[in-house]
Structure formats: structure tokens, C-alpha cells
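Quick one: the structure is below, questions incoming.
Going by the order they are written in, the chains are A, B and C; count residues from 1 in each one.
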């Protein structure tokens, strides 16, 4: 029964996984461009983000069509409404990654002086995104909970970067612009982490029907 | 909200075949309770037990208790006529009598002893208004009821049931034989009526159950599988069988 | 593609069959017309007002069939008076109340059997039971009782059929409103089958008019002119019996044919009444 509906739900799942993969790719690319100060790499981010935006539009219209045609209830309804919310967060991740890449171009070859810290932060954020997409694919509640907990780590990193940059501005006020650029990059990473948390929360909703409110 | 009908371990057999297995449920008053389930699951049988319409079928055996208020409806001393006055019924296919519209609505009151033209006129008008059909028929009360459209006939049947001032209205798939516009008129009517009456409605249409009911009971093969607030049952059903049925993944 | 024409042999066969069928139909029509014409031709000239309004008198050498007409009327009334409540009541019981299906089937097959028994046997039984055993002697009443038994199956059957055409949903609706069983039957089921009862009535009247053998044994063939109560308790000939008596025993074929013509006319009227009644009720129901 409803094999047509099941096929469409499977297709929706596949599209979401692909969008998730694109998010992982785009954030990994931006972070590599940052740590290697590679402008060419950075230029590759924008087209990827465009793909992510397109995916968002596709999946959104797919969801609306399913809501109209199939009048889903219970777990079907949860799956479709979670999908609608997740694509928003994933699309924002793409935008955030593009913003980072833009600043990297702007930095024009200057390598990040907060290298280790920024690299750590980038790595933690990438892991959060990867794990949130994984949690969605495998319907893994424990993994989703881990992502939500890991956000504290990324937030802590952000605080550390902020203090370091404040000290740096204090020491070299002339180089303030560079410091602020780095701060913005760190902020973007932090927000990507928040979006990854949202995705994890929607994963939990689609499985249990309970949406976690902090 | 108190419970107006309480059913405890109700079992019913048609001859040797068991149609209801240990059904226990409480129907809260002045609300709409929907009964859903696949064909042959016992929901209509259950409904007809509540006003003892199953008495009309030979070979029916019942155990367990059904309490309307404080009285056990199967008690030998129960006045079945009065029970059916207080628990009215609307059937799947509209069944107005081959009489005038007025006589149709007045049939119930006359059965229970109401006499006097003025009184009956009053009751007829009130019932037709409550059933949201007064304006359409007020100029042809003496015309035969069979001349009305399907949707109008069903609303007439509702008016006829309301004429005896019941406390509970049982509706057995009341809109399954009607077009979408008549269906939505009757759904609107049910929502208005629940302020004054308790409504128990059997429906095959799950969207209808979601739209209008406060509580939903899911029946399967004679058993009550799950019963709860409609919103919860349809968004987070507890039993897998319920989820399989409402998502249409049923065999 | 289909081949257009059938073979000549086939066409010939079809034409032959068709001709034979037309011939049969024509033969039947001819027979009926002949019968009617014969009776009318021989009978109508003998119908006079004198015949219809007087009773026979040896002194005046006059034949009058007024007593016979009255006897026929009395017996029709008496029979209907008894068979209607009995038959309709039985039908209501069988359709609405009886629970044991085998019992109902038994009664129904008994009724069917009854209606197939040759009427002269009824006459014999009626004579022994009503006239001698119950002491009614040869009388119109005994004849009426015999006719009751003969017509009971018809009334029961037509009433039952009519009751069955009333949809069960009407009854359910009435029960759902708290009506008791008798009220449901009286207000919902019976009004719907009035037409069936009337049709059964008319059919019965037709049978009563045409009955002769049974009445010969039970009602006798007197020609006394009586009022209804006296008539019922004494012997009397109905029109059919009178026809037999005049033809066979008195050799008055003129009178016999006159009665025959009258009976033919009455039969025609009865059938017409039945058809009109059915049409009237059908129109009323169709709305």
C-alpha cells in the first residue's frame, strides 16, 4: 500500500542526504582554504553554495507537494516537516561557508595566525556537521544528542579565539582589520555549529515526535 | 469533563463469531469521539450496542457492561424505548420515513407521548433549526421528505434524532453517502452540536476524524487497540498497529 | 470483420420459427375472442332488468337472479371480513415477529400447498367440517368459511411480499427513535404495504366470484331472497352456482348464459380495478 508514497519518501531522503553531503563538502572546502590561505580553493565555494540553494528549493517543493497530495500523519508527517526545517539550516550552513570563503579571498594570502585554534575550531565544526547528517541518515538518536552536546566545545573555542584576538588588537591596533576578519570567521564557524545543532534537534523530532527546546 | 458512557470488557458474538473482544472505553460528555478502523473491525457493531440496536439482530450474545450514567443498559429493568430516546442514532444512508417533513421530525416526540399541535410545531421548528435545515424546508413542511436531496435528507434525519432531546448522538458514517459540500455542512453541524450533545461518530474518513473529533478510538478485528486525544493519536500513536493503519501502510 | 448476411438456411429457419410463434399467439387470441364473443352473443340478449331485479317465481314462470346477486355480495363481504384480519395478521407475524426460520418456512410451504388443492376437495371438507361438524348446515356462512381457507394463502402471500418491500432502514430509523415493535409496524411498515393488501383483496374477490365447486357443497343452491344476516345463516346460491343449476338441472340456458355474461363483465371490472389500484399506488410512491 502507498508504495508510490514510500518511493517519494525514499526520494526525499536521498535528496536530503545529498544536500547534507554538499554541506559537509562546502564547509571542509572553506576551512581548508582558510588554513592553507588558498584563494583558488576559496573561489570553488560559491558554486557549491549555489548548488545547495538549488537543492533547498527542490526539496521544499517536494515536501509541499507531499503534504498536499498525501495528507500524511504520524511518522510520515514528522519526517516531512523535519525535512522542511532541516533544509533551512543546511542552506544557512552553505551561506556561512561561502561567507568564510569570501573573507579568505579578502585576506589575500595571509595565513591565520591563530592557526592551531582556528584549525581546531574548524575541525570540531566540520565534525558536528558530518555527525548531524549521519544522525539523520541512520536515525541515530545518540549521535544527535552528541552533536547537541558538542556545541559547547565549539562555543568554548569561539570564546578562546575572541579573547586571543582582543589581546592581539590591544597589542597591534593597526592590524585591527585582520583581527576582526578572523573574529568574523570564528563567528561563522560558531553559527554553523548552531545550525548543526538544529539539524540534530529535528532528527530527534522526526524519530520521537519531541522537539528539544533549550 | 465527566464520562457519560462507560464500557467495561464488552464482548459480542454474532452466533459463534466474536465481533467485539473485551472493549473497555469511557466516552466523555459534550465532545466528539471518533471510531476508526478497517472494514469489519467492529466499530459499527460497537456503536449499535450503545443504544441496544443490536437487540434487533437475532442470535446476538453480549457480555460485559455498558453504563449510561449510572444505569447498566442491559439490565432487565431498563426501558429500552427511553434509552433510545436519550441515545439517538443517525444512519449511514439517510432514511427519512415516507411521510411529510413535519411528520418525520414529529415522529419521535409523538412516540414518546407529546401531543398538541402547538407543542409539536415548536419542537419541529427547534429541531430543524438545530440541524441547520430550517430555512431550506420551512415553506414545505407538509411535503414528502423523500423529495429532498441526499444531504438535506441526512440533516433531516439529524433533526429527527434531535427532536426527542437526546443527550448522546450516535452517527454511523453519516457522510459516506454524501457529496463533499453536504459532508462539510454536516461536519460543521457536528462541531456546533457538541456544545449541547455528546457525539460518537464512526468514520472511514480519517481526515474527517482529525478535523472534527476530540478523541479517537482505533478498532481492529474486534479489539480496541488505542484510544486517546485525536491530535496525539494522529501525530504520535502509541501502538504500531495504529500507526500502520493511519499512515495507510495497512494490509 | 463480421460477415453481413446469415446463410439462407438460417434465415429460413428464423422465418419459420417466427411464423410459428405468430400462429400460436394468433390462435390464443382467437380462442379468447371466440369464448368472449360466444358468451356475450348468447348471454346479453337474455339480460333484462326483470332478470336482474327479481327472484324466481314458479307462479309467474319468471327467472330472476336478484337473490343470487345478493348471495354473492353477502359471501364476498363475509369472506373478506374474516380473511383480511386473519391473513394480514398472519403475514405480519410471519414477516415481523417470527424468529424461527424453519417454522416460517413450514407455514409458508403449507400455505402454498393449500392454494394448490383442487377446490372441490375444499367443498367436501367444508361440508363435513363446517356444515356437519360445526353445525352450520348448508349456509352462506359455511361457504364463506371455506372460501376463507381457500383465500388465506393469497392474502398472506401478497401482504408478505408487500411488507418485504418496505426497506428495513425505515424500521431501523423508527426503532432508533425509541418506538416499540407494534408502533413501528403500525406506523412505518403497514402504511407502506396498503397497496399490496388491497391488491390481494381484489384478487381474492375475483377468486370468490369465480368459485363454484366448493360452494355447491357448502352453501347449497337455494334462491331465497334474504337480508344479510338471514342470508348468511341460510343456504343460498351464488351467481356461479346458479349458473350451474340453471344450465344443468333446469335446462335454462338463456339464463345461464346471461349469468355467464354478467360474470365475465365482473371479472373484467375486477381486473381493471386491480390494475388501476396498482397504477395509483405506484404513482403515489414514485412521487
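Everything that follows uses one rule, which is that contacts are C-beta pairs under 8 Å (C-beta built on N, C-alpha and C of every residue); 3 or more make two chains touch, one makes a residue touch a chain.
Fair warning: this is a prediction, and the values are worked out from it, not measured in the lab.
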Target chain C, source chain A, minimum contact steps: 2
Chain whose mean Cα position lies farthest from chain C: A
Innermost chain, where centres are averages of C-alpha coordinates: B
More contacts between chains, A-B or B-C: B-C
Inter-chain centre distance, chain A versus chain C - centres from mean C-alpha coordinates, in Å: 95
Whole-Å gap separating chain B and chain C, where each centre is the average of the chain's CA atoms: 48
Distance from chain B to chain A - Cα centre to Cα centre, in angstrom: 53
Interface hub residues of chain A, defined as touching at least two other chains: none
Residues of chain C that touch chain B when the two form their complex: 99, 167, 169-170, 172-180, 183, 187-188, 191-192, 285, 287
Chain B - residues contacting chain C, complex: 51, 53, 56, 58, 80-85, 88-89, 91, 93, 95-98, 107-108, 111-112, 144, 146-147, 157, 160-161, 164
Residue ranges of chain A in contact with chain B within the complex: 1-2, 5, 71-78, 209
List of chain B residues in touch with chain A within their complex: 206-207, 210, 234-237, 243, 246-251
